[in-house]
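In the two complexes that follow, subunit A is the common piece, with subunit B as its partner first and subunit C second.
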Partner chain A sequence: MDKQIRIALAGNPNSGKTTLFNKLTGANQFVGNWPGVTVEKKEGKLIVDKEVVLTDLPGIYSLSPYTLEEVVARNYLIEEKPDAILNIVDATNLERNLYLTTQLVELGIPVVIALNMMDLVGKAGDTINVKELRRQLGCPIVEISALKGDGVRDAAKAAIEAAKTGKTLPQHRFSGPVEHALAHIEEVTVHNLPEEQQRWYAIKVFERDEKVLEKLQLSAETKAHIEQDIAAAEKEMDDDAESIITNERYVYIGQLLKGIYKKKGKGQLSASDKIDKIVTNRFLALPIFAAVMFLVYALSMGTSIADGGIALGTFLTDWANDVLGEAWLTEGSRAILEGWGAAPWLVGLISDGIFAGVGAVLGFVPQMLVLFLMLCLLEDCGYMARIAFIMDRIFRRFGLSGKSFIPMLVGTGCGIPGVMASRTIENERDRRMTIMTTTFIPCGAKMPIIGLIAGALFGGSTWVATSAYFIGIAAIVISGIMLKKTKMFAGDPAPFVMELPAYHVPAWGNVLRGTWERGWSFIKRAGTVIVLSSIIIWFLSGFGTVNGRFGMVDELYGDETVVTDEYVAVVAERMGIPEDEVEPMDDSILAHVAQPVSVIFKPLGFGDWKPAVATVTGLVAKEDVVGTFGVLYNFDARAEQAVDEETGELLFDEDGEPVMEELEENGDQIWANVAADFNDFSGGHGKLAAYSFMIFNLLCAPCFAAIGAIKREMNSRKWTWFAIAYQCGFAYVIALIVWQLGRLFVGGMNVVGLIAALILLALLCWQLFKPYREAQKLAVQV
Partner chain B sequence: MMPLVLASPEEENIILRVGGSPEMKKHLEDMGFVVGGAVTVMNTIGGNLIVKVKESRVAISREMAGKIFV
Partner chain C sequence: MKTLKDAKVGETVKVVKLHGEGAVKRRIMDMGITKGVEVFVRKLAPLGDPVEVRVRDYELSLRKADAEMIEVE
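On to the complex of A and B.
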């Protein structure tokens, strides 16, 4: 059998590379990561020949080693040596695109050019002499339209042909002094490398490319020798070596295109420019941006269609949560398993553990898909790049990038895709900062917590929810400013420069594929972690040691010989509750662990085991906080017999069966209990304690699934732990300040606590307002 | 010679010098900002610029635009 042919797809960003890749490979794609970095790697089998693997390289402008994408692409080309390179070139921007081509042809790998968007060139009245271009560049050129699919198969066939037989030799030569130096370098340093790669290495040595020099390990003597040549060339050309090469390339391209590229119109504004005149207008940009974002939000996460809004996403998610997750998966599986006579623990594991977890993930999926669909639309039509541009000046002030906005917007729905969306931020520092702060924004699963606190203690006041968003935004701003001034984040600032693609009508194939890719990756990531942690929490809260016997607490409590009256008294005392309130769950492993842990929440005003347990289960999924309260405050999480509101009597249906009702999402049946309990353990300051509890739960580490996403995107154990520690620490400090300072006004002040709060507040302010030292140094460096 | 920030909109200028750190300079050059090349400011917003260089539109911050002289 022949060796498998590997072809690399290379090209500038926005040259239609993704579209071409999709057209060439169809559904045969595998998405992964390039080793060691968070740059996405896509591979696929060609439709025309399933034996050929096409690797989609990141979009790059050059093979210099300054951006992650460039390093990844050139490492692949140099180390893995694909059999051919399919270079997609945007014909409407020939000069800049050929700049990369001149570098690709030096690698000693056969290059085939796919000349994209020729139809647009023709429309503008310009002409390109493709035949002459082919002759001058010395490599096959196939005219294509990636969007329409024209010529795509021919390009693939040409690349396969080139991989089997072809050889591309760089046709361009640089000016005298440069060639002189290059000849010397080739002679003394790279003669033992494969012949076809020698020129590329020589040029990189000439450019003093650190990564190449490192790899070649030249002796000091050789280095000194070639340094003379480089310096001589630099002196003669009056520029640094790197810029000399860059200029030489552009000069070569300029001359090449003189007879080949004929431009008709000059200086006219394109349709895209006209749109930009309005969309990025200094007065209209922000209002238009706000309107677009409002529409995205309203359609995906706003008021459900069922409640008179326009949010298709919320509508579908409500259905998925209530019907699909709750009724079908959880209850359906319970009914079936119980019908089979399965053991109670097995029913619990499968229905409450696994299916409830799966249901929780599935519930978010429709909403996320609607959101992703709209984000993909914005991205494909070209508006996304403008968002980053418009928001950059604002976000730059607190150490984030204009591209941080999208992760945060997505984060209002769910933190997991929010964190995943941070991928588009190239600068590592900006990306880390965004990952760390995105989950401060209240996500959909935190809304029930806010609803519970607002309903139970604040009479359903809407300012609680509003304030939660403000707290989230303030946490991002404060964290951004504080972290920016730490050593860890004081690296190179990322000066803003990005290409704005021309606006165009979205290609539905790309949009739908992008939506599905993001959605599926969300399902996979969230699904595995949530299911796993649901099982763990189910076990911890369902099992325990009762009076010396280990087992399922529900079962053991049914056994009068195990749970004696004396034993109930012991448990009641340990938990600090009346004897008739002792429940099986009080003996679970979770309660045993949470009881001592709750002490650390004392300075925050909710040092009671119930909120402590709720906080812990919140790590599994934030909406579990309300469910846990339901269980802990004597409300069966699944169902409770309904009570007639007027008479207070238990309700029965016609057959004499009790009418059951479910715990509402905002837990309104337990509001009274929660309020009483919070007032009780906080010495009458229930409102303040509850608010502090809410702040902590909003800001502290997100759920396990989101932590998993953080770990993936950080791609570093150290940074993941740092992020979690920072989030928890920040949440603790803010909640402590609120509780301790708050008591100054509502009474019950604690001197030690107040001093601690004031010190923390002073530290916070100091870090916030201390001058940003690095700024001056870095401003010069840029 | 003046920094690109000061160039008037929709007027074609020739790049005379590209400054900044070697990395920044190289990145700008890779994107088409080379000495002798043409650049046109298309739009400004809050100090940031949208410029036309080669055939592409590039968004660039005020700080970066200050390093390109025309």
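On to the complex of A and C.
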């Protein structure tokens, strides 16, 4: 058997590359990441020949050393040396597409051109002399329509043929002074490299491409020698070397197309132009944008269909959470395991630990699929690029992209799809910044926390919730400005020079595939983090040492010989609560750990073990913060006995059984206890302490599911930890400043705390207002 | 010196020279804005920046700060 043939698929973004890749490989695809970067890598086996592997390179315009995608692509082409390159070229945009082609043919790898969208060229009345183009470029050209599937197989076959026998030599020559310098460079620097790669290296040396120079390790003497040639050419052409080459390529293409590309209609507006005239119109653009965003939100995250809204996503997710997760997985598995007579700890582990965790993941999936479907539609039809165009002015000030708007909007519903929606942002730096800041926006699960604080201490005032959104937005703005000046972000250049692709009817195959790929990657990667962390929290809150015996606290508390009256008195003493309020959870590892750990929240005003435990359980799901308060303040989180509204007496049914009613999600029954406790441990400043507690919980690390999504999108352990550490640190600093400065006004000022708060505030301002310069080099080594 | 930033909406200008250096300049040139090419200024974004131009038969958007690097006539 001869060795496996590898073909690389290269082309501009929006040239139909994804469509062609899907048509060529069908279901035989593997999605991964290029090593070390968040750029997606797709590979697949050709339908026409299963022995051939097709690698989908990132969509690129050039092979410059400045963008991550381009460096990834050229590293692959130079180092892995695929057997052939299938270069998809958009015939309706020939000049710019061929610019990449002139670079690809220099690599010494056989190139086959798949000329896409020729049908559209014909429709516009233009003609392209393909035969002449083929002769001039010196490589095979196959006319295709990726959308309809015409000619796709022929293109694949031509690429396989070229891989076996083909050879592509660059036909274009640059002007005299450049060629003169190139000849010199070839002679002195790259003559020991493979012959077919020499020209590529020579051109890169001429361009002073730092990545290539780094690799070649030329001696100072050689460098000085060739520098003379380059400088001479630069002087003669009155430009820098890199620009000379770029210019020469476009000049060559211009001459090439003169006799080949005949335009008929000039100046008339295409359908896409007409759409754009309305959609990005000076006055209509923002209303249309708001309407589109509203629709995306209302359909995926808004009011459920069951409650009279139009949100298919919320409806399906509610169903998945309540029926699939809660009823079937958690309760179902418990029933089965108990039926088998499994040990209680095993039932707990599987039902409450693993399945409850899995259920939490699965619950989000339907909502995310609905959302991703709409995002893929927006991307495929060409509107996503317009969003960046419309919003760029606002977001670039904070180191974000115009497209960051979507993750933030979605984040008001749930941070997980919000984080994952950041994938539409091409620039890695903007994307990372968006991932880190999206969860600052109060999501749906943080609403009960806000409701609890507002209800318990602020008399249900609406300004608490309003201020929560302002804090979220301010956190994004401040973080964006501060982070873009840090070393972590200062690295990459982010020129906003973006193509606005023509609008077109979405290709359903691409949209559905893209939707599923994103959904699946969430289930796979986020699932592992969530399941693992759910088990850990389940263990920490369910197990502990009771009166010298270690085990499940619920079980040990059922044993009168272990939990003696004296022991209850000891626990009550330790926790500072009345004896009749002692709960199994008070002996859990979590409670034991939380008590000493809660000291770190002292400077924030809530250094008590109950808010500390609630904060930790908030990592599982933010709504658990309220649930934990319910448990800790001795109320059943799920139900309590109903009270007759008129007489205020407890209600019983005919059989004498107490009538139970569901506890409201905002937990109004525990408000009085929470308020009393916050006032108690904060020395009478309960409101301020509670507000500080709320700020910390809104801004600190999100729930495990969202952390899982962050890890998936960052595709890097280092960046995931950096994001979480930053969020927690930022939350801590802001809560501290609020609590310490707040006491200046409400009384009980602490001098040390105040000084610390002022120093932190000063540092924050310094980072905010220090000058900033855009980078010119790629910081990441790829 | 007139730059692309100064060009009015609806105007067609010819690129004379590109100033600046490094990543941004290369990116602008990679996208087809090179010496001698004609650029049609199509519109401004609703918030006044960036600007949308038509060059080499396709639509391109770039920020005014970057458009300032492009000398035109």
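Convention: the second predicted complex is superposed on the first by the 594 of 782 C-alpha atoms of A that agree within 3 Å, B and C clash if a C-alpha of one lies under 4 Å from a C-alpha of the other, contacts with A are read in each partner's own complex, and residues count from 1 in each chain.
Operating definition for what follows: a contact is a pair of C-beta atoms (placed from the backbone, for glycine too) under 8 Å apart; a residue touches a chain by one contact, two chains touch by 3 or more.
Here the structure is a predicted model, which is why all the values come from computation and not from measurement.
Q: Would you sort A:T280 into first (subunit B), second (subunit C), both or neither based on which partner it touches?
A: both
Q: Look at A:T246 in the shared chain and tell me whether it touches subunit B only, subunit C only, both, or neither; answer first, second, both or neither.
A: Touch status of A:T246: both partners.
Q: Using the touch definition from the top, say if A:E210 reaches subunit B (first), subunit C (second), both or neither.
A: neither
Q: One more residue to check, A:E51. First (subunit B), second (subunit C), both or neither?
A: In the superposition, A:E51 contacts neither subunit B nor subunit C.
Q: Counting contacts the way the document defines them, which residues of subunit A are shared by the two interfaces, the one with subunit B and the one with subunit C?
A: Shared contact residues on subunit A (touching subunit B in one complex, subunit C in the other): 61-62, 64, 66-67, 92-96, 99, 240, 242-243, 246-247, 250, 276, 280-282, 285, 385, 388-390, 392-393, 396, 495-500, 502.
Q: Considering only the defined contacts, which subunit C positions touch subunit A in the complex?
A: 18, 21-32, 34-35, 37, 43-50, 52, 56-63, 66
Q: Considering only the defined contacts, which subunit A positions touch subunit B in the complex?
A: On the subunit A side, the touching residues are 14, 61-62, 64, 66-67, 92-96, 99, 240, 242-243, 246-247, 250, 267, 272-273, 276-277, 280-282, 285, 385-386, 388-390, 392-393, 396, 495-500, 502, 779, 781-782.
Q: Write out the stretch or stretches of subunit B touching subunit A in their complex.
A: Interface residues on subunit B, with respect to subunit A: 12, 18, 20-32, 34-37, 42-48, 50, 53-61, 63-64, 67.
Q: Can you list the residues on subunit A that touch subunit C in the complex?
A: 61-62, 64, 66-67, 92-96, 99, 239-240, 242-243, 246-247, 250-251, 276, 280-283, 285-286, 385, 388-390, 392-394, 396, 493, 495-502, 774-777
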